[in-house]
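Going by the order they are written in, the chains are A, B and C; count residues from 1 in each one.
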Amino acid sequence: MIRKVVCYVDTRTGTAPFLRKALRYLFPDHWSFLLGEIALYAFIVLVATGVYLTFFFVDSRQDVVYHGPYAPLQGQHMSEAYRSVLDISMTVKAGLLIRQTHHWAANVFLAAVILHLFRVFFTGAYRKPRELTWLIGVTMLMLALLEAYIGYSMVDDLMSGMGLVIGYAVGLSIPFVGANLMGWLFHGPFPGGAVLIPRLYIAHVLIFPVLIAVLLTLHLVLVALRHHSQFRGRRQTERTVIGIPLYPGQTPRSLGLMLSVAGVLFLLGGLVQINPIWLWGPFHTYISTNGAQPDWYLGWLIGGLRLMPGFDVTIGHYTLIPGPFWGGALFPLVVFGFLYFWPYVERKLTGDVAFHNLLDRPRDNPRRTGIGVGMVTWVFLVFVAGSSDRVQVLFGLSYTGQIWFYRVAVLVLPVVAGLVAAWVCRQLVRGEQIEEDRRRAETEGRLELASRFDQA
Amino acid sequence: MRRVVVIALLLALPGVATAADGKQVYGRYCVMCHGPNGVGNTNPDSVVGQGPGRDTTIQPGIGPSLRNVGALAADFYLRTGYMPLKRTGLQPRRSRLLLSNAQIEALIKYVASLGHGPPIPHPQPERGSLSEGQRLFASNCAGCHQIMARGGYVTHAVPPPLGQATATEIAEAVRIGPYVMPRFSPKQISNAQLNSLIRYVQWTQKPDDRGGLSLGRVGPVPEGLVTWFVGAAALVALCLVIGRRLHG
Amino acid sequence: MGKARDAFLSGVVLLLGRRRTPPQPDAHLLPPAPKHTRAETVAIALLFIAALCAAAFPVVYFVGSIPAKTQYLGLSIGLALLFLAAALIVAAQSVIPTEELAHAYPPDEHEEDEEYVARLVEESGKGFTRRGLFKLGLVSAGGALGVAALVPAVSFGPLGVEEFYGTPWRKGRRLVDENDVPLRADDIDEKALYTAFPEGADKEEQGSAVVVVRLPRSSLKLSGQVEGYDADGIVAYSKLCTHAGCAISLYRAPLFAPEEPRPALVCPCHYSTFDPADGGSVTFGPAGRRLPMLPLAIDGKGELRARGNFDGPVGPSWWGVRERRPSP
């Protein structure tokens, strides 16, 4: 029976030689290589649940009056878009499950991408010949951040509407052309034209997913063409890759991971509330709520916006750099710039232009690890600063005090953390060398003792 | 000496509270900041020593006038434990009641007698509209107290969460504007609208929590924590199981 | 009865009985599979449990009386997926042969093929004598086509910023509340926050909403451009924060001034704090520009009216925000 199928496929497509090679493609066996797969499977869940939602979401800013089953919003004015999401959450069977799974999948997708990025960065997997794969990956991260932001903003609830105006303000703060750009994008100054929500919708369900899918395909193809990198080992060398073949070994493992990712996401989607937009109510430009926060992956930006002191840089009558530029635009520009250019900067710094199929352990490259830890600490501190008002409410720590603390900490602590990390790496490597020397000395000693014994 | 006499008298008197009893309670807990007969004290040089409920030995002793504030204000500040204040200058917060119910009632009667202030309100939230309440709360209150009344922050002050607020307390706070909260007169929020507002606040104490375990109804911060410490953690653990290195 | 017992026994044997392995060809491709038959049983059991969980999904979906649908639907599908995953992983670890193989990495470079492709392209251009000019022509044609293709995108929205300066406020326009009731000066109390809009205008427009508060006239420090913008101590400012545009819905209004923070308008997004007595100047937070102020007047009927437009454009800052005032 199996033979019949294979015969059919080969006679119709001629791919048996390709399959013979492809099915035996080797996957080096380390758990950290599966992080990218988590992201991939979360993306699949996003697309699947997203397609379902597209059939129910109404991308219209048209003002309507609510007459549905949710009592606290009875008779209130809202956009059709917001009302359609209320309906998905309250009226469509399984609608809330799919909606929540979709949102959890987005959160977990970005977490997985970042974990995967850490693994690639701290092991040096981005080095020649894999720079292209890295650049595509960083681009996908940027697209994913925007895609998620647009996705929860098109719901037009109070919290995401506030987030949208802030994004608009950051765009406005781009020197010289910010207002022209934002007026063009939003179709007028905030709140923009009626076409804004349809624009967000089509970007979210068509343009960005297609871009991400194309880049993802390229990313995976590049990985396969050059083969996975691998950690050093007894048999692993720059020329020989050791691993589990795609079939039959890796297939059930990867399938199992895929189903687990989907399972965890659906469990979260059914059991843990996320983004309960009916509680926030519809967005209006003239109301706001305390404690509004963006989703976690944009928390670093709200931190940036809160930490900067209040000033616009002006030249005469012209406002060259409005305040939000530093925390909202320059900060992510620097971080992404670092990510994009790092492989080339490292090449310049180390002079290492060789091919690398073998990975470093983080401790094997103290400088890279130190710089990486410093960058992560910097971004993380700014991120934490973004929720200091909730810390004040929960723990009583003064908000203004925290802001001043963070203003100093984000300049000092990353340097300290980076230096400490580099030192720890060196200590660990030294410790291993000492251990290795000790073992060698013991073996030599034992051999010598044995040979003396023989002679005697 | 006078304090000893007051204490002895207080201990000796039976339960029923009168304005006269209230005056004695006032003398013990309130007069040093609010002045005799509730005239208030704005002399920046006056100091107050150690006393019941106060957590420092010496502090500035100033306080607003209580004339014409009425039973409404007294009832609010005493039943929530906002007053007596531990230390002047701090934001009054809901705290353990120092005074017994009898003492509170007596004090309310006394403060009410200081002029012609509003009586204790009797709101009827069941007659209000939940949806109107949501709209009013979103427009007037959510900026400080957060849309689900979970509390928030204003520069140099902390609007409290309203999870423990009774209908009467809400009605009173809206009309007083305690600490730095704005004051909403019946011209701005009528009594009928207040009923709706209170109905909404009570609803936030037991809201529509469909979708599963609510993470506090404050927004994305707890969601991010669950993403990393539940979702990502579980999946990374799974990777550790699947990706065990083979030997051989 | 006998038939049922036979059927039951057959089922058990089918489920738990050993599958007879088919005859293998002489040369094995894969190493012998690990003989963990208990693992295989576990995997099969997990598969059937997964099936049960998934089967619960349509039941929960269609049976109306089952409450907490989102939770049970999520549980059924989530558990089904996890059990299926577990079955596959158990099979992968213990039933399916797992090999650790060694392959050579593909070569770093294929010099011969690189050379072939490079020469192919080079030689194809041998016929050109005026290379430079041809290249220039290609670049011009391609560039111009590219620009032409992008031109329609210009119409996505207005590229000019005229609209950024406009607001619906005009001289004489009445202030109305959310229900379109005109604001009377006598109704504006101290220590209270009011939101107002221009009569007849779209409330969602960024230039519409204003916050109105009354302060003691002695505490006002309005000078310069906004001198005299108040009406009997009543002041009005744009409700949109000049930092990032959120609605300024917080009013810090002390009950007992000697001990409590001064009056301030505060934004809940990043806590920009503005002084209503001092023309909306920034006293804390990341806002870089003071709040635009609306000049007020009280008309003959005691209602509040605007005396003109704001003293500056509303909303977050951009290049031209200090260039001129909104007009008319």
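The working rule: a residue touches a chain if its C-beta (ideal position, glycine included) is under 8 Å from a C-beta of that chain, and two chains touch if they have at least 3 such contacts.
Everything quoted here is computed from the prediction, not taken from an experiment.
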{"item": "Longest centre-to-centre distance from chain C, chain (CA-based)", "value": "B"}
{"item": "Which of A-B and A-C has more C-beta contact pairs", "value": "A-C"}
{"item": "Chain ID, smallest distance between chain and overall C-alpha centroids", "value": "C"}
{"item": "Whole-Å gap separating chain B and chain C, where each centre is the average of the chain's CA atoms", "value": "35"}
{"item": "Length of the line joining the C-alpha centres of chain A and chain C, rounded to whole Å", "value": "15"}
{"item": "Computed distance of Cα centres, chain B from chain A, in Å", "value": "42"}
{"item": "Set of chain A residues in contact with two or more other chains", "value": "29, 96, 100, 244, 253, 256-257, 260, 264-265, 268, 270-271, 287-292, 389, 399-400"}
{"item": "Multi-partner residues of chain B (each touching 2 or more other chains)", "value": "139, 142-144, 152-153, 155-156, 210-212, 242, 246"}
{"item": "Of all residues in chain C, the ones touching two or more other chains", "value": "70-71, 74, 89, 92, 98, 100, 195, 247-250, 268, 271, 284-285"}
{"item": "Interfacial residue positions of chain B with respect to chain A in the complex", "value": "130-131, 133-135, 138-139, 142-148, 150-153, 155-156, 158-159, 161, 200, 203, 207-215, 217-221, 223-224, 226-228, 230-232, 234-236, 238-240, 242-246"}
{"item": "Complex interface listing, chain C residues touching chain B", "value": "70-71, 74, 89, 92, 98, 100, 178, 187, 189, 191-195, 247-256, 258-261, 264, 266, 268, 271, 273, 284-285"}
{"item": "Chain A residues touching chain B - in the complex, by the definition given at the top", "value": "29-35, 38, 70-76, 89-90, 96, 100, 104, 107-108, 111-112, 115, 158-159, 244, 253, 256-257, 260-261, 264-265, 268, 270-276, 278-281, 287-297, 299, 387, 389-390, 392-393, 399-400"}
{"item": "Chain B to chain C touching residues, read off their complex", "value": "42, 44, 62-64, 88-89, 139-140, 142-144, 152-157, 176-185, 187-188, 210-212, 241-242, 246, 248"}
{"item": "Residues on chain C engaged by chain A in the complex (per definition of touch)", "value": "30, 61, 69-75, 77-82, 84-86, 88-89, 91-92, 96-106, 108, 154, 156-161, 163-164, 195, 197, 203-206, 208-209, 239-240, 243-250, 267-272, 282, 284-289, 315-323"}
